[in-house]
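Below are two complexes that have chain A in common, paired first with chain B and then with chain C.
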Partner chain A sequence: MNLDMTIFHQAFFEEAADLLAELETQLLRLEEAPNDIELLNTIFRCAHSIKGGSATFGFTDIAHFTHGLETLLDRLRNGQAKVSGELTQLLLESLDQLKSLLAVARGEAASAPNSEPLIARIDAAIADSEGQKPTIAAVAAEPEIANEVQRYVFRFVPNRDVMRQGSDPILMLRNLFEMVEEVQVRCNRSNIPLLNDLDPEACYVSWEMEFNSIHPMTSLLEPFEFVSDECEVSLTAVAGYWEDNAQPVTTIVAAPTLADSAVQEVTAAAASSTAPAAETSVNAAAKMETHTLRVSTDKIDKLINLVGELVINQSMLNEVVQHFEISNLPRLLEAVAAMERASRELQERVMAVRMLPIKHAFGRFPRLVRDLAATCHKKIDLRTTGEETELDKSVIEMIADPLTHLVRNSIDHGLETPEERIACGKNEMGVVSLNAFHEGGNIVVEVSDDGRGLDKDRIYRKAIDRGLISESDPMPPDDVLHNFIFHPGFSTAAKVTDLSGRGVGMDIVKQAVQGLGGAISLSSTPGHGSRFRIRLPLTMAILEGLSLRVGDEVYILPLTSIIESIRPKAGDVRVVAGQTEVAMVRGEVLPLLRLYQFFGVEPVVTEPTRGLLVIVENDGRKIALLVDELIGQSQVVIKSLESNYRKVDGIAGATILGDGRVALIIDVPGLYRNVMPAQPIMSTAA
Partner chain B sequence: MNSNQVDPVNIQAGSTAENGQYLTFSLGDEEYGVDILKVQEIKGFVPTTRIPNSPHEVRGVLNLRGTIVPIVDLRRKFNLEPVEYDQFTCIVVVVVQERVMGMIVDSVSEVMNIPSADIQPPPDFGNGLVGNMLRGMARTGDKLIILLDIDAVLLGDSVGMAMAA
Partner chain C sequence: MGKTALIVDDSSSMRQMVGFTLKGAGFTVIEGGNGQEALDKLSGAPGGKVDIIITDLNMPVMDGLTFIKQVRTRAMLRFTPILMLTTESQESRKAEGKAAGATGWIVKPFHPEQLLKVIDKVLPA
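Moving on, here comes the complex of A and B:
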């Protein structure tokens, strides 16, 4: 086949990742409900699909590995084997192996651990389930004949619909013929109907043939792997020639259990020889990987309806405008209003296309918690709520790692051992909760535990050690103290034990969250646990903003960072140390930043009492921005300034105003970096 | 130096174009030319939005059908006297290194075929900024056309693009 498969690889990887996630979820449920036959069926189907996909796209090692797994699952499904703790562990380990193999195929990892020990264990489990051990015999038999010429009888009766399902029997036979010689073929045409009744898309013929081959049966049957469920495929090794009336030696009938993993050594050898070639093509595929998104057809149908509505609105508008008289004004206004409604809804729906439920990020945790519980010797109950809360796809992808870190943190440091818990009068089962919900235009994700809570004394001492506060300072209030753990280099090892010694600190988590335009905060009660709260914007493409005027320029300030805006009275703005200006707002002293100075705008208002102070907050620190006036609040579409230009200090991006002009969006965290680079953390509290 | 990385690309493009087509425009008393393949469109001058904390020659950004496009004033770039923008003032939108950028010129003249044989290498200014921005000089009739290496002009250090590249 000359068809370039690499273009389909991406689709396969995505599907496989989904299937693996499903497999994992179901396997974990299997631990609790070992006799649920429906569960076993689902698990089997996942494995079967992965095997099918990997074989089609030429990932032989994955297909080979999954094949054994599938056989074992089939035994489970048929009740020939029993689900046990040991077996579930084996299945989970196999799942991990599959993940590594897939990572290699994607070009993300250089090599995967050797599959053979696991395959051997799977085979052993299969053999156990049979009582007898025919597979062992086959292992012995197969390599012997592998390199010798063997005569085979082959029968292939394609299903009538085989071509409609996208398979071409001729292609399969051609692939087979590359491996065989001295072929004698009989084609059975007796089923071909008269031309009147003939369906041109149906397959009416079948074949019987005999050939010599040095290839093992599994390789010979490989081209037919995909149709083996629907078509009759049988391959029989014969001692001599057809005419000799020879006795069949071994018969393998293609069925789901076809071609036992018994031939592992042979196929593994074949796989390793083809591996370098496969790897290069996969690397090429990984390079041209594009980000794709699966969208439910439901969402797309709604979009199409809306676009239809928009087109109708537009033609209505055209008609009104073409023969416009002033008496038609109400109709025009009506048409414009309808247009606005439709385009607003279109905007919302298009944004919704990018939204995925957060369970995509939560999905990995049951397994993580199960494994961590085992290594930490703790009993953990993971509770998740709000899994259906939708978030932008890119946000979900980027929030997964910080969340993982928080969950590990809660388990490692937060939860006590069962003995300690009982001693404290708590249930020995610790609870880790993941909650997601909407809150005022934001998505909030919480990771909480009912463990021991943060040790304030240790953090206080550590902060003094690191010079963040001086020894003479009193113990700061809780929120300031808690914030120290997000400080770079403020090692988590300061808190009790550290099992894993990961190099990732809480500052990385904080950076990741801020990179998404979000914020993280923490509350903790000693003895009752702690709670991390991540607040994220709904989407990164649209922003609720306040437009404001500075001189004769218009800027957009993200609404989420604004606390309030006030008109200062005379005397509210003071100069400190002859340079820095501060604003007194309800007794609080805030640094003042004149935006026209920072942005180099020709000023119109320089007297604070004639302008407005907008108080913004980032990171728990507030500053007052002096602007000329506020224009209004609106949703703006964020456009990148960097794609054609570069990053500009104090500017997060650009947007297009209603009149087509460009307005710049103020980067609030950036203001802090540029305005007060050397500001000590304790500025407001000290 | 960003412009040094840009150069090989242009040399290659120049050598393959036996009969290069150039868009010519005027700026002050001089006539300049840029490779027509780099030009995306020409539009009349419209007010731009100033970008704070940017170099002087970057006049601002423009909304070009939903894309934010930075606009460089070539007069400012070449240290020429500022003039009032009039009905001849144009923005030439070019694509350099996959970036869409605009440049303000006094007026656009024409599209010319210039055989590579008519192009002389630029006089040796040393390896300074000026030398890097020129691709050559072409004489057609009594006119001398200065052919610009537009990548070096727009992506050179002084526009502040080096930080982005």
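Moving on, here comes the complex of A and C:
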């Protein structure tokens, strides 16, 4: 059987990534609990599994590197080596190396740093643990007897309990007999007891035999490999062919050493023969990589149950419809209702399949915080809550980078040095918290610190510098002020550090969050810290929206951005400065956007008092959209416009309506970018 | 009649590989992610019995040695061949495995053909 191992690569990659994440978490815990045996066992098991998998699937670089690591970890858990800060550092560096090697294997990186220096350090640590260099077991040269017919004498005395280990002496002899001919067998039955004393599960017989074979002794002994320790197995080559009373030339008693060297040889041969093939296939596999998702079986079982229900519903419907009379109408309605229920639940469950706990995104932070604490000379306690909160897989993947930026920012700018903290009367250990929880139909992720908080004066001055407000303006309210830091190029960091403060970042974070259909906000108390709050939709695939009509077209407006809709009275809509239209809504002056103009649609309603104004909000700024009429609220499945057509300004995607027509989904932040000049609106005038 | 194999390993890629190989050789395959899960699966198997068990040693929840001992306490499985998956750094574990009741071992890494060869060695055709 020639099996293409590349088909398992994707599974291996995913598993290895999980194992590395686990390894990282456990290694970081190791610093706090260096004597925790359970922890050491888990760490060993991770390395062990990575090694086993990488060797099996042909990633020799990874297997080679993990080999020493596994030995070292084995020593650690056996108490032969001690956990030290230095050793933990070495293990963490090894982890990074494994990540690089894995990235190369996946085809994501062209090359990885050379493993040898680390291997040397690992070997040194192993040697330390023994107080001596690792000894390489000398492999005895094997007698070369092969391919010529040779006469053998063979003796096999099975252990009485051999069958209790699942071994079958007859099977072993059968396997031996496939390699030999001219057999003479003598079976020794003298040890069989009387029936009364006989244990039917014990083996009382033994065999002596002579045979000819062209196979080498190692092959002939192979069927007995597993029992050579506890059974007597001896094979003797006798000189000559069919010669009586010949002198033995070589006797090999199958001892563990022989069996092991045989195994090692086989292993080495296998490794060398599989390696080249596997290496060449890595790139091919990377190219046709498909994204896969592991789903727990009970999620799938629930789906299957639901599909079962749907099938039943369908047959109910069929039956009602086939012999339909008006008196059956209640039954029909009932069947339709049941179908609706099942399909809605199916939709929810299918979405749940894509949901992963947010700990997948949080997982990288303990390590990051540890490293940053060392670079910034700060003491940091990272606290996370709500790791099990589930989010759409793609949202998790895309939120990880913005979160990283926020955490870095909190550590670099938010937290004070231990000395400063003590001077302020705070605990020298700064706290950075990551919290995730459900709120309404959204997921909220918060990154907060108990540091110094935002410097309002500095932001104010910087905003003036950058022309966002003029010097004569009073200090704006907190929420407006805080929003300035999300402007491109806005950084108040006095000095640029490695970590942050390059003035790129917060605007990118904001864009990323908005790209996910979310929103970011910030609150801060001087001297007590800051809190970034990211609201995210549960999924990007389904949207709760309001459908509305403009001309002949139907558009969907995301419900989350709608504040209210009103029918304006005459005089509510005015033109200011000769061209800009505004709507007066309860004393607020809002810019008015005629959607038919924006989208270039043939209008039906041009007179605002005959249409409706939908007030939407983004970033605390409101605008009024003029539409013909509202149709209703519905859940729509988002279809990407980009992948089917191209990106269109102001449009987030498309969906298919119940009647089969296509409706476009309005991208509210996108509308703002197109309609409003890039300057802050100093909120509510009037 | 087709034979049934139980594969016990916490690594799903390993299970996939072994499972794929065995299915190719006509086995019906049952999988367990650790010893305890495997014992549960065994209880659910027809007659509480399989034809061969292939198990890893290092696993969470219940490790391979404990699992093998547990298997040998079940009447239906006293003579069932059990192969353990080991690495070459675990010579001493082979002896422990045998003492626990394992029939033989396969040294990782192995190729599917080797696996089938070792199975031939302990499982009557």
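The working rule: the second predicted complex is superposed on the first by the 506 of 686 C-alpha atoms of A that agree within 3 Å, B and C clash if a C-alpha of one lies under 4 Å from a C-alpha of the other, contacts with A are read in each partner's own complex, and residues count from 1 in each chain.
Throughout what follows, a contact is a pair of C-beta atoms (placed from the backbone, for glycine too) under 8 Å apart; a residue touches a chain by one contact, two chains touch by 3 or more.
The shown structure was predicted, so the numbers you read here are calculated from the model rather than taken from an experiment.
Trainee: Going by the touch definition up top, name the partner, chain B or chain C, that contacts more of chain A.
Mentor: Per-residue touch count on chain A favours C.
Trainee: Taking the superposition on A as described, I'd like to know which of chain B and chain C A:11 touches: first, second, both or neither.
Mentor: second
Trainee: Looking at the overlay, what does A:330 touch: chain B (first), chain C (second), both, or neither?
Mentor: A:330 contacts neither chain B nor chain C.
Trainee: By the touch definition at the top of the document, which applies to A:56: first (chain B), second (chain C), both, or neither?
Mentor: second
Trainee: Is A:600 touching anything from chain B or chain C once the two structures are fitted on A? First, second, both or neither.
Mentor: After superposing on A, A:600 lies in contact with chain B but is clear of chain C.
Trainee: Would you sort A:467 into first (chain B), second (chain C), both or neither based on which partner it touches?
Mentor: neither
Trainee: Figure out whether A:639 sits in contact with chain B (first) or chain C (second), or with both, or with neither.
Mentor: Only chain B; A:639 stays clear of chain C.
Trainee: Touch check for A:200: first (chain B), second (chain C), both, or neither?
Mentor: Neither chain B nor chain C is touched by A:200.
Trainee: Both chain B and chain C touch chain A; at which residues?
Mentor: none
Trainee: Taking the touch rule as given, give the residues of chain B at its contact with chain A in the complex, in rising order.
Mentor: Residues in contact with chain A: 47-54, 58, 60-63, 66-70, 99-101, 160-161, 163-164.
Trainee: Show me the residue ranges of chain A that touch chain C in the complex, using the header's touch definition.
Mentor: 1, 3, 5, 7-8, 11-12, 15, 42, 44-45, 48-49, 51-53, 55-57, 63, 67, 70-71, 74, 163-168, 171-172, 175, 201, 222-223, 225-226, 229-230, 260, 263-264, 266-267, 270-271, 273-274
Trainee: If we count contacts the way the header does, which residues on chain C are in touch with chain A in the complex?
Mentor: Touching chain A from chain C are residues 10-14, 16-17, 20-21, 24-25, 56, 58-60, 72, 78-82, 85, 87-89, 91, 95, 98, 101-105, 107-114, 116, 120-124.
Trainee: Of all residues in chain A, which touch chain B in the complex?
Mentor: 553, 598-601, 639-651, 654, 656, 660-664
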